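Below are two complexes that have subunit A in common, paired first with subunit B and then with subunit C.
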Partner chain A sequence: MLQAIKPKKRVVFAYLAIPTILFIFAVFVPLITALVNSFYEWKSGPNKTFNGLTNYITLMHDSTFWLSFRHNLFLVAVCIIGQIGIAFILVLMINSRLVKLKGIHRTFGFFPSTIAAVSIGFIWKMVYDYNRGILNWFLGVIGREDLQQVWLSNEKLVMLLVAIPLVWQWIGYYMVIILSAISSIDTEIFEVAELDGANAVQRAIYIVLPLIKNTLLVCVTLCIAGNMKAFDNIYVMTSGGPGKASMVMAMYGYNVSFAENNLGYGSTISVGIFVMSLLVIGGSQWIIGLLTKDKEA
Partner chain B sequence: MAKKFEMTKVEKNDVPTKIKKGVLGVFLNAVLLIFSATCIFPLVWMFYSSLKEKRVFNADIIGLPKNPTIINYKNILTNSDYHLGASMKNSLVVTACSVFLIVLFGFIVGYILARVRFKLNRVLYVMFLMGMLIPIHSLLVPIYLVFKNTGLSDKWFTLIIPYVAFGLPTAIFLVEGFVKGVPTALEEAAAIDGSSFSRTLFQIIMPICRPIMTTVAIINVFTCWNEFSFALVLLKNQKLHTVPLAMTQFTGQFGSDYPKIMAAMLLTMSPIVVLYFTCSKQIIKGMVAGAVKG
Partner chain C sequence: MKKKALGILLTAAMMATMVAGCGGGSDTPATTPADTTPAESTPAESTPAESTPAETTPADGEGLAYTGTLTLMHYSTSEESQGNGSSDGIRTMIAEWKEANSGVTLEENVMSNDDYKTQIATLAAADDLPDVFMLQGMNTAAWADQGLIMDLTDVIANSPDSANYDTNLFGPFTTADGKIYALPTVSGGTCTVVMYDKRVWGDEFPSTWADVEAKAADIAAAGQTPIAFGNGGQWNANSDFLSCLGDRYTGEDWFWSLVNKEGAAFTDAEFVAALAEMQRLFVDTDLFNADFNSVTNEDAREYYISGDAAAFIGGNWDVSYVGATLKEAGDELYENTGFAVLPQSADATHQRNSQNGGFGYGVALNAKLADDPDKLAAAIDLAYKLSGADFANYVASNYALGGLVKVSDVDFSAFDAWDVDFYNFSYVDNPTCPIYDSFINSAVWNVLNADMQAMLNGSMTPEDVAANAQAAYESNY
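Here is the complex of A and B:
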């Protein structure tokens, strides 16, 4: 590195001290705390008893935890298909020369992603409401009163119903990201392809898709990370209910720790969430790595 | 090539192709307009519904109000038990402080990691990199324990600590990447002229880094203002509640009075909505840059 910039060590450490300490305090100290407490039986009182791996064995056999985990995976799947898939189709449409008001679509489409997940949850709770919800109102208007129901109490549908707001909220976000990736592609490529007789679908699959592959993979990664931590809108809409039908990992950890005051086992669940999220995110990265290598070779 | 080009030109002027194009154009525009409309509809619906009384709303949830009233807003703003005004102030303080510190620390650490050679450089780099990889949401319960044991929960600055810590990694890497692309000539010249490290840092480098610092600020304004789960576990004192928390309380209290809830939501959303629509271009650009590079 350069000679000219060699500040005194003291100065550098003084600058780094606060951010580093803050970061360690808020990230690594809690991690270790979770790990330590996960070996204790501790119901939030002053009494803590070491119980070895008991909590972990319980976690292994805890059907609610694994159900929550599967729900997280369900959200990931729905959102990858819904958010990125729909976003990609919308991008192809918006890129057409026939489309007007592109700026408006970008601004309006992106808007929901700037709103708090809590507010989005409330809005959709109102949409699904039995007496005053837009969904039941709409079914009434088209004469399908027979389909009206208390939507969020339907165990079979509830996961899909809580996934829809998530999809809706983030389509525009991914649309804008993909749009910006496409706008960096040389337009000549499209023109040449069009002249060579490639139709819109062919152009999308054989030209656009490979060129923005890396951006799409970034989107998939964001989507996976985002849905492994799903909490806010589920807390607002269903709190994991009815029963455990829409329970996700973060919600379960919260319930055990704060509603049941079981902080020892809650810590174990936190470690479980940590490990499972890391596995899913790391695993997906590994697969993505394989995919990109394969195509380059 | 030229020949082909003429051919397509001829093709495009065919009458059937023109009709086809017209139909396609209408279809594409219609789909996109519907999409945009659904994105903005909740805002519009909440706005005109908030001008209705509960009774009127329950009778007709979708129609425009015949006798618009601002009673809901009056009700909310005059009753200090709702904590909504206070929660907006809290959110403002927490967001402003957090964003300021994230930008400042992100800039300093990012710059030092990019330019200064010292033993721990790579160690710190990896440590902050891990911050981006660790699923931070799994810290919800343990962070509550740590803050409770250290007496840091339920203070006005409580939330600033995790928000800054969680925002730092991305900020550092955005700045670090940016600084690496800046030629070192300026700093060398400054050092030869006898400028101290700190002076170079703040008076020469900082102005150059303004674009990336703006990006960092934009991303974090929204995450801090909207953050809910950590606020939920770290703040018990109602007086300190941020907007998302106050909203969950409020809806719990007035679960069935939709117009009132809508009015409250619009009020608490208003700063972010106004901010977004006044500088949406910059915000979208910043968020995309942050997402793709981060």
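Here is the complex of A and C:
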């Protein structure tokens, strides 16, 4: 019976070929072309001249690129703590017996991650608006006019301010992942722990965390990958400004390629983003690997 | 068997949607022109019968031998043409040309100006420019150098309107060897104008910053922002301020020397002094709205319209928007708005009433058209139409705007004070100075604009801004 339903191999391959071709076309082809173009000087016109490693040497000394990279790392740090951390706490709260209407909490929590990043940018731009923004309005209401300011012009805070919408947007996404991981834990374990007198915090740290460790690792990897390519909401909110105070790598690559018409060097930056992202993801997994090894030993 | 058939069907459907999805983005004439052209709703109101070109009809009337497709890319969208004279002018000229040349299938690709700049640069890099398009002054040298655009020097000399061309306007489209590559159009006018509320500032806007600051203190005390400005897009401080203020400090010769690489540098003391003055005005005084660095010019002009601010500094595109909005609302501010040049600074030594004006865009032709003389003739005919006497007369008589062709007897009787005042401000009363970013290239201006935003935030010195701009100039120009 099972044999009858099982499709022929070539049917399986035919189906798989569609996404594979799409993937190759959308990911690998641009990656290889960018790699090739990164060795050329290619400015405002079709003429390209091979210039060897010149673009890469420029990239190594390009302070804006490294500043953007540090900003991306900052985003990663804020988002790992903010997105995954808060999502974890929210999931524990939703799972608690005291909370009613769990389905509604889950749905509304997930809601922001279905909104386009550009819209998120516009929404938060309005939140931070100097004259009509809800943040300054709130500070006025509680009598802290001294704290009112042009938020997105504050160079010291601007990276945090553009990170907050990202945190807000993706909490629900990680909530769903963590929720499904926790629901696979045998409830008997919790009951036994409760009988043994473990409180909620102890249950979270000593039971839940170790049991969903692998899921959290996936979350961290997704979070890093997502934040290394951050672009849309920052583009809408500040375009990398004031000056370069909120410039991230993808936006710098976009600016160089399309605003400055320097496609050769823009390609080099893209390759740089790819390499740096791989390094950060690889590095983080190596660190996590080391940490978890210690615990098991 | 049934399942297999269904599988094949689904696969086919999926492939079809994918192919269709890919096709949508390309600009090959896969879809019929009848589909592509009216999608942008070319003024169907004015030419109901002709909005779809009848591709099979042979050339008529004008005697163009060419009967194929001609591609045109521009940024005069139907939204933009509401109240914006030059956009409306361009769209009207296109509609008239299509009607007169039904043998040619004109395939238009229209998008907003921001998207246009990115797309046309990408198409240039891919050597895939349309036949006829709008060339931005600062791309002229690089694209001419790479053989992308056609030398139009002779075309301009042979134009039926050549005797009436305002030849000063060719500047941004002329290369160092004297060749001209575009016919200036989309009548521009000024990039820096102070629009002010006469009920607050008085009939005349103060002519020096010192007087502005003195008066502004009272205005601020009364709860109004003295002047609204928006630099959220980073280009505004350059196009709508520095380009004019800089001219007061350096004079025009300095800028031409910079353009022609004859020794001037961004680090020259006069230019640094202009940057320092700008920093002083934005950082040390309370003349401007506190959020000038994070709102766009679109936001800032709303401060003026709503009365939150008593003046606004922007370009001619802002004037047309503010005018149309105030007029429609029947706001008294419409009758009480005056136009003034940027005030003069105490230590500036050059021309005191200059305004940076000119034409940022011109109609250019793809160099590849040389291979097909008939097609080239059709493209030249279209370029003449978009920049010639018809266009100039249309924008002059409908919007009191100037074009490449000088219109001597503009009948002002149909216009109100707003239009006449702005016409006089732009073309009669004040001398023009160059718009910085119509020249050199975006790689330089991008660096300067980003740094200048930090400088106006108080976190960068004018000297550092100048040094970075000079470095970008040396390595990219």
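Just so we're on the same page, the second predicted complex is superposed on the first by the 258 of 297 C-alpha atoms of A that agree within 3 Å, B and C clash if a C-alpha of one lies under 4 Å from a C-alpha of the other, contacts with A are read in each partner's own complex, and residues count from 1 in each chain.
Just so we're on the same page, a contact is a pair of C-beta atoms (placed from the backbone, for glycine too) under 8 Å apart; a residue touches a chain by one contact, two chains touch by 3 or more.
What you are looking at is a predicted structure, and each value in this text was computed from that prediction instead of being measured.
**Student:** Just to be sure I read the superposition right, which of the two partners does A:194 touch: subunit B = first, subunit C = second, or both, or neither?
**Tutor:** In the superposed model, A:194 contacts subunit B only, not subunit C.
**Student:** Have a look at where A:202 lands relative to subunit B and subunit C in the superposition and call it first, second, both or neither.
**Tutor:** A:202: touches no partner chain.
**Student:** Can A:261 be said to touch subunit B (first), subunit C (second), both, or neither?
**Tutor:** second
**Student:** Touch test for A:222: subunit B only (first), subunit C only (second), both, or neither?
**Tutor:** Only subunit B; A:222 stays clear of subunit C.
**Student:** Applying the document's definition of touch, where does A:240 land relative to subunit B and subunit C: first, second, both, or neither?
**Tutor:** second
**Student:** Is A:26 touching the first partner subunit B, the second partner subunit C, both, or neither of them?
**Tutor:** The answer is first: A:26 touches subunit B but not subunit C.
**Student:** State whether A:131 touches subunit B only (first), subunit C only (second), both chains, or neither.
**Tutor:** A:131 sits against subunit B and subunit C alike.
**Student:** Using the touch definition from the top, say if A:16 reaches subunit B (first), subunit C (second), both or neither.
**Tutor:** In the superposed model, A:16 contacts subunit B only, not subunit C.
**Student:** See if subunit A has more residues touched by subunit B or by subunit C, and give me that chain.
**Tutor:** Higher number of touched subunit A residues: B.
**Student:** Applying the touch criterion given at the start, work out whether A:176 contacts subunit B, subunit C, both or neither, answering first, second, both or neither.
**Tutor:** In the superposition, A:176 touches subunit B alone.
**Student:** Please write out, lowest number first, the residues of subunit A touched by both subunit B and subunit C across the two complexes.
**Tutor:** Touching subunit B and subunit C on subunit A: residues 11, 15, 18, 22, 129, 131, 258, 263.
**Student:** Please give the residue numbers of subunit B that touch subunit A in the complex, ascending.
**Tutor:** It is residues 1, 4-5, 8, 21, 24-25, 28-29, 31-33, 35-40, 42-43, 45-46, 57-58, 61-62, 105, 108-109, 112, 115-118, 124, 127-128, 131, 133-146, 161-162, 164-166, 168, 184, 187-188, 191-192, 197-198, 200, 222, 225-226, 228-229, 232-233, 243-244, 247-248, 251, 258, 261, 265, 268-269, 272, 276-277, 280, 283-284, 287-288, 291-292 of subunit B that touch subunit A.
**Student:** In their shared complex, at which residues does subunit C touch subunit A?
**Tutor:** That would be residues 4, 7, 11, 14-15, 18, 118, 121-122, 124-127, 139, 142-143, 145-146, 148, 232-234, 289-291, 293-295, 308, 441-443, 446, 450-451, 453-455, 457, 459-460, 476 of subunit C.
**Student:** Okay, in this complex, where on subunit A does subunit B touch?
**Tutor:** Residues 1-2, 4-9, 11-12, 15-16, 18-20, 22-27, 29-31, 33-34, 37, 90, 93-94, 96, 98-101, 104-119, 122-123, 126, 129, 131-134, 137, 168, 171-173, 176-177, 180-181, 194-196, 215, 218, 222, 225, 228-229, 231-232, 235-236, 250, 253-254, 257-258, 263, 266-267, 269-271, 273-274, 277-278, 281.
**Student:** Hey, which residues of subunit A end up touching subunit C in the complex?
**Tutor:** 11, 14-15, 18, 22, 42-47, 129-131, 150-153, 155, 238-245, 255, 258-263
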